[in-house]
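As structure tokens, here come the structures.
Look for subunit A in each of the two complexes below; its partner is subunit B in the first and subunit C in the second.
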Partner chain A sequence: MNKLLVKVLVLMVSISLFAAACQPQVTQPPKEVQVIVTQIVEVAPPVVDYGDIVWLSTQLRPVQEAEKVRGVILDKFPGNVEFIPEDEGPFHDRITAEVQANQGTVDVLGALHGNFSTMGPKDQLQDLTALRSSLADRGIPDAFWDVAQLNTDKTYYVPWMQATYILAINKKALEYLPAGADVNALTYDDLMAWAKNIKDTTGDAKFGFPAGESGLLHRFFQGFLVPSFSGGVVTTFASDDAAQGWQWLKDFWPYVNPQSTTYNFMQEQLLNEEVWIAWDHTARLKDAFEALPDDFLAVPVPAGPKGRAFMPVIAGLAIPVTSTNQAGAEALIAYLTEPQIQVTTLREVGFFPIVAVDYPGYVSPGIKLEGEAVTLQAGAPDALPALLPQGLADKGGDFNKVFRDTFTSIVLNGEDINTVLDEQKVILQSIMDATGAPCWSPDPDSVGKACQVK
Partner chain B sequence: MKSRASFPRVLGRILTYVLAILIALWILAPIYLIGVSAFGEKLSAYTYPRPFWPAPFTIETMSFFLKSGGVIKSVQSSVIVAMITLVLSTLIGAPAGYTIARFIFSGRDAFRLIVVSTRSFPIVILSIPLAVTFIEWGMYDSVYSLALMHTALALPFTILITSSVFASIPRDLEEAAQTLGCSQLEAFLRISLPLALPGLAAATLFTFVLSWNEVFAAVILTVRNRTLPALVLTVLSESQLPYRFAGGFFMMVPSLIFMLFIRRYLLNLWGRVTK
Partner chain C sequence: MNARRLKQLTPYLLLLPSIIFLFIFFAFPMVNAFTLAFQSDAGEWTLEHFSTMVNDVAFAQAFRTTLLLLVIIIPVQFALALIMALLIQSKLKFSGLFLYIYSIPLGISELAAGIVWFAIFTERGYLNTVLTGLGILEKPFIFLSYQNTGWLLFAVVVAEVWRATSIVMVILVAGLQSIPSEFLEAADVFGATLWQKVWQVILPMLKPSLQVALILRTILAFQVFAVAMAVAGRGVTLLAAEAYRWYGTYRNPHVAAAYAVLILTLSIVSTALYVWGLRTPEEQTL
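Right, the complex of A and B next:
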């Protein structure tokens, strides 16, 4: 066995020596060899963890929306965000208490412009001017930033998402639509004829307003009815044009479901068919569109003599002065305003992006319905955006009350329109004087002075 | 003759039963309807008239509700808070109630009045100072400090109920026990306390339900460690109907179970000892 191994080895060595000896001795010119180095360098992003962040929000409170925030929207954020939905009352009380005690648990606040406008003047919010410049690439419209300054040179919140109000229509109502009316470009007269037609034919008042305690009917007066008829909100409050608007509502009321004074979220009455046509906030109609997208239409609000007035609603993100996780708070705000997350927010909870985004291919049929109506409404040739009240600080509730009281007196109690408007005008003016709030769109600019009721 | 005499009795019996059934329905029907909607299909919550059977039966809404952020944890918090409140308010309230019932001391009536008057402060106006104090004392956002708050809220009830319970137990019984060789403490422990148990049970029931359903203090004093009502109550009112039913059903069940558990002590309502 060993002998065999030795023989094989000797053979192999001699063959290789022979082969080497037989090699032709040619000197080859040096070749240029192109070396392509493919080296995969793992550039792992530095592992960032922003730690625990408490995010208190008056928005996205319903269970299903809060779950979307926790499960989907915050999914990719590098940190442990605790999303806590809260009513407006405790929301303000808590921040007031934490600022007073100078010790906080809350890091980020999500709320409406109206909430922040009462907190800014009380020094409860940080100045986010630096964060604003770092978010310059987001494409948030300057108009929104201006509003977030609350008439100061500071920036109190970062615009986060927007919504508006539209009409939701059960398709059963379409057969009663007056001839010649375009459902996507209704006028207040069309709406009157339509609702009357339904009442006369079916015997039921099938139009619904959210006139209940937590309904948002006051926004209908401030952002839709009064500006559509008068072209303004505060300046034209007591004008003849505004009186015409209130007259319209008074005449329209018999065709409105009398239970409206108990309605808060019109999606419920739409789903149980108490009403067929309803005006409400997109987030408060969403469930109807989501549940039965084939049964409902979303259409723009009606137009009056001065245009198709509508109110965009802006929610923002702020950092309280007592925040204990500054880096985390800023990172969370930056994250939530990323275009991709804005699209996710739209898809999951139905609030519309505040930044310039490409609308995604896939959104649920219900959201798509709403989104199309919102786009149609904002892009209508006669569109007249009427902003949320600004600069009213903690008088926002009083401002709403003026409109609610006007409605109650004129429409529910049947009092004389001009008398009521003249009475309420005085209260309205005192609110404007007390706060010094300048006019906002669509009222003409009052150049920094308190807005005047004419 | 016999049947004629028993006829009014039978009629009386029937009427009693009818009345009892009506009263039971008055309470049970809404509970049942909430249950049906909580376990029915989502859209069936909007149908009217309400179906009388959850068809098709599904736990989808219920499980979504239970799995949603923090519900399970908040149930634990609620139970902890309720139990601590129950124990503390009984430990403090029952002796106070016994004292008011058994001993005559100057200022007794004033004490009684003061105890009740603590309830007349609307907690709403106290919210911010309360929160500030809790933050400054480092007691903010904790189930234990919330239990203290609930104890303070429950004490007036506990004291009043237990005092009327002890007042209704004849003093003679204790004295008799003392003549037979019991000390005052033994007389209390062996005679009064067992007789007072049903009333004390009623007091604890009130305490439990009060703590279980209390929202305002729970909302303002906690952020991350919320009790169930603080977590869901305001939120539920804005949620879709199916979730409201699921949440309502879920909030109701523990109270019902607790009542069933404590029911036998309640047969003699507070103060009326029939044994």
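Right, the complex of A and C next:
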């Protein structure tokens, strides 16, 4: 047995020697190299290592996005960052528990403005005013910084990335576009005629809404439908104008794919062509534009009687009071707001930069499509930005529920619009009274008092 | 004296770890859930959360659908599980193999099973592809439409039956194996048909196993959640799904706890009914 082994080894060694011997011999012609040495400098870059940093985030939760964060976005950061994506419920529970126990494991938080607005008042977030001034060169718009103060004189988070919601359109739908309608400046009436035309001609309901469990449909009501028709969100909730908006949706619903109540990320249904036109968050449409940039159009949302209402989404970075790696946490936030990292973030996960960057030429065609639609939408002459709910503390979920329930009652269960609005108005007002939340744009300023439903 | 005393204490010492376990992981959270459900944020006792729960738009539908699923799924599962268990016990060639095949769904998580069945039933899913491919349908049929609650429930029932029948089967197989063969041989001697054997010998002897399986399945059926959510999304809603939404989505642990208390009460009542309704007289026990 041993003899056999020795033989095999000898054979292998001789084969490799033979192979080496067979390599072509290359004789390099002598080169004349002129070297001028003027100075010898020993370069020893300072070795910075921020150690272990735990980053808990309600954003970039889908597996592919989380992998991009770990593998690409954090690649050049000098430190060992553990990125933990977490659902909103457990996210808040974990920080609440850590603050209560006064024992922290989490150093940096990534979340939406709405998440932070429930945490600042509870003394869970550090005051980042000092960090804010050290990041002054980033060019983050003051409007975003103001929002990050959560109605106080302190800064509780650093704006990190932004997104919004747009329409994605399969080019096959264009031949059904009603005459005279401009696809880049649609109105709600155009959209109705368009979707009806498709249904009448093909027999299929080809519009899609993310009305499933984790779909973001409530944002359509809060930031698009209600403000477009009524010019407000809370104050005009039960107005006749808002009722017209709900009537529009009720009339529109027959042209919406009835599987919408199972849809969460519209890119899936766009790619498998269950729908041709869909409204969703840019990050949830990205795969469709990335996969088939030639087949899809990204266009601004439709305009209603009161304007082209849309909801900008702002995500931020904060440090919990129980952070154990302060220097590392601040360095990570500074790193994530660097212009080139912001561009990487846009390229990898489809969230748009919050800092001033030149629109990068090397992002993919799909992202470019989205970016152009976002710019067009924000810059439209009738643009009406409707901000995410503010000051609702831990009642944000109840606020969303009012809109979801209104939709379920009116559109899915076919109940009378005014009756439903009058019922839900009471719940909405009780939420505003309980939190004392002042009105936010586009509702008129309530001068510090709780916003009132008219 | 000491040795005797120790001997007396031994059974309690042996029970102690499980009692501690039950206390930490069941009793303590349960008491917490009850206080959450009955207390306001300020710590006053209130029934407010229950009235919020009952008056909620989704409550009636969630309650109705949960009971409806229970009434449909459990009989189907028991009939299927009994057939499967008898097949395994039939001593046909390869009948032992069925046990392993039938147990496969046990190893698959609830949510994964839901996603698999969603992929089957959706508009561009496997079922529609096969049906249109064979020319049976001209274009895909939309099974998972909220307008079509019948089909939506059907899809949930199929997914849930596929996923959870095997646990009933395992219990019934164990029960069947504990029936002494003399009983069946005696039935053969008297010339009983297969039907008579099942009805007069096997089922009465299986009663304790059936009771266990029924209790287990009913409690689990009140908690059905991930499968329905994956297959039907917001198209149907269930008690457990509402509890989840109130906790996770609406961020109101009080109303979520009220749902939990309701589910617990329903589970306890149904368990009591089974224990009382299926009690086995002393002389019938083996």
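Worth a mention:
Just so it is clear, the second predicted complex is superposed on the first by the 409 of 454 C-alpha atoms of A that agree within 3 Å, B and C clash if a C-alpha of one lies under 4 Å from a C-alpha of the other, contacts with A are read in each partner's own complex, and residues count from 1 in each chain.
By our rule, a contact is a pair of C-beta atoms (placed from the backbone, for glycine too) under 8 Å apart; a residue touches a chain by one contact, two chains touch by 3 or more.
Since the model is a prediction, treat every value here as computed from it, not as a measurement.
When the two structures are aligned on the shared chain, A:Q149 is found in touch with neither subunit B nor subunit C. Of the two partner chains, neither subunit B nor subunit C is touched by A:Q162. Applying the stated contact rule after C-alpha superposition, one finds that A:N197 touches neither subunit B nor subunit C. By the document's definition of touching, neither partner reaches A:T187: not subunit B, not subunit C.
Legend: residue contacts after superposition of the two complexes on their common chain; A:Q259 is shown touching subunit C, with no touch to subunit B.
Within the superposed three-chain model, A:A211 lies in touch with subunit C and out of touch with subunit B [touch as defined at top]. Shared-chain residue A:N272: touches subunit B and subunit C both.
After overlaying the two complexes on the shared chain, residue contacts for A:D87 are found with subunit B and with subunit C alike.
Applying the stated contact rule after C-alpha superposition, one finds that A:S441 touches neither subunit B nor subunit C. Note: residues 87, 272 of subunit A belong to the subunit B contact set and to the subunit C contact set alike, using the contact criterion stated above. Contact residues of subunit C toward subunit A in the complex are 56-58, 118, 122-124, 139, 142, 144-148, 229, 231-235, 247-252.
Subunit A contributes residues 54, 56, 61-64, 66-67, 70, 82-87, 90, 93-94, 96-98, 100-101, 103, 105-106, 265, 268, 271-272, 287, 291 to its touches with subunit B in the complex. For subunit B in complex with subunit A, the residues that touch the partner chain are 42-43, 46-48, 64-65, 68-69, 127-128, 131-132, 135-136, 140-141, 219-220, 223-224, 226, 232, 234-236, 238-241, 243, 247.
Chain contact summary for the complex, subunit A toward subunit C: residues 87-89, 92, 203-204, 211-213, 215, 257-264, 272-274, 394-398, 400-401, 405, 408-409, 412.
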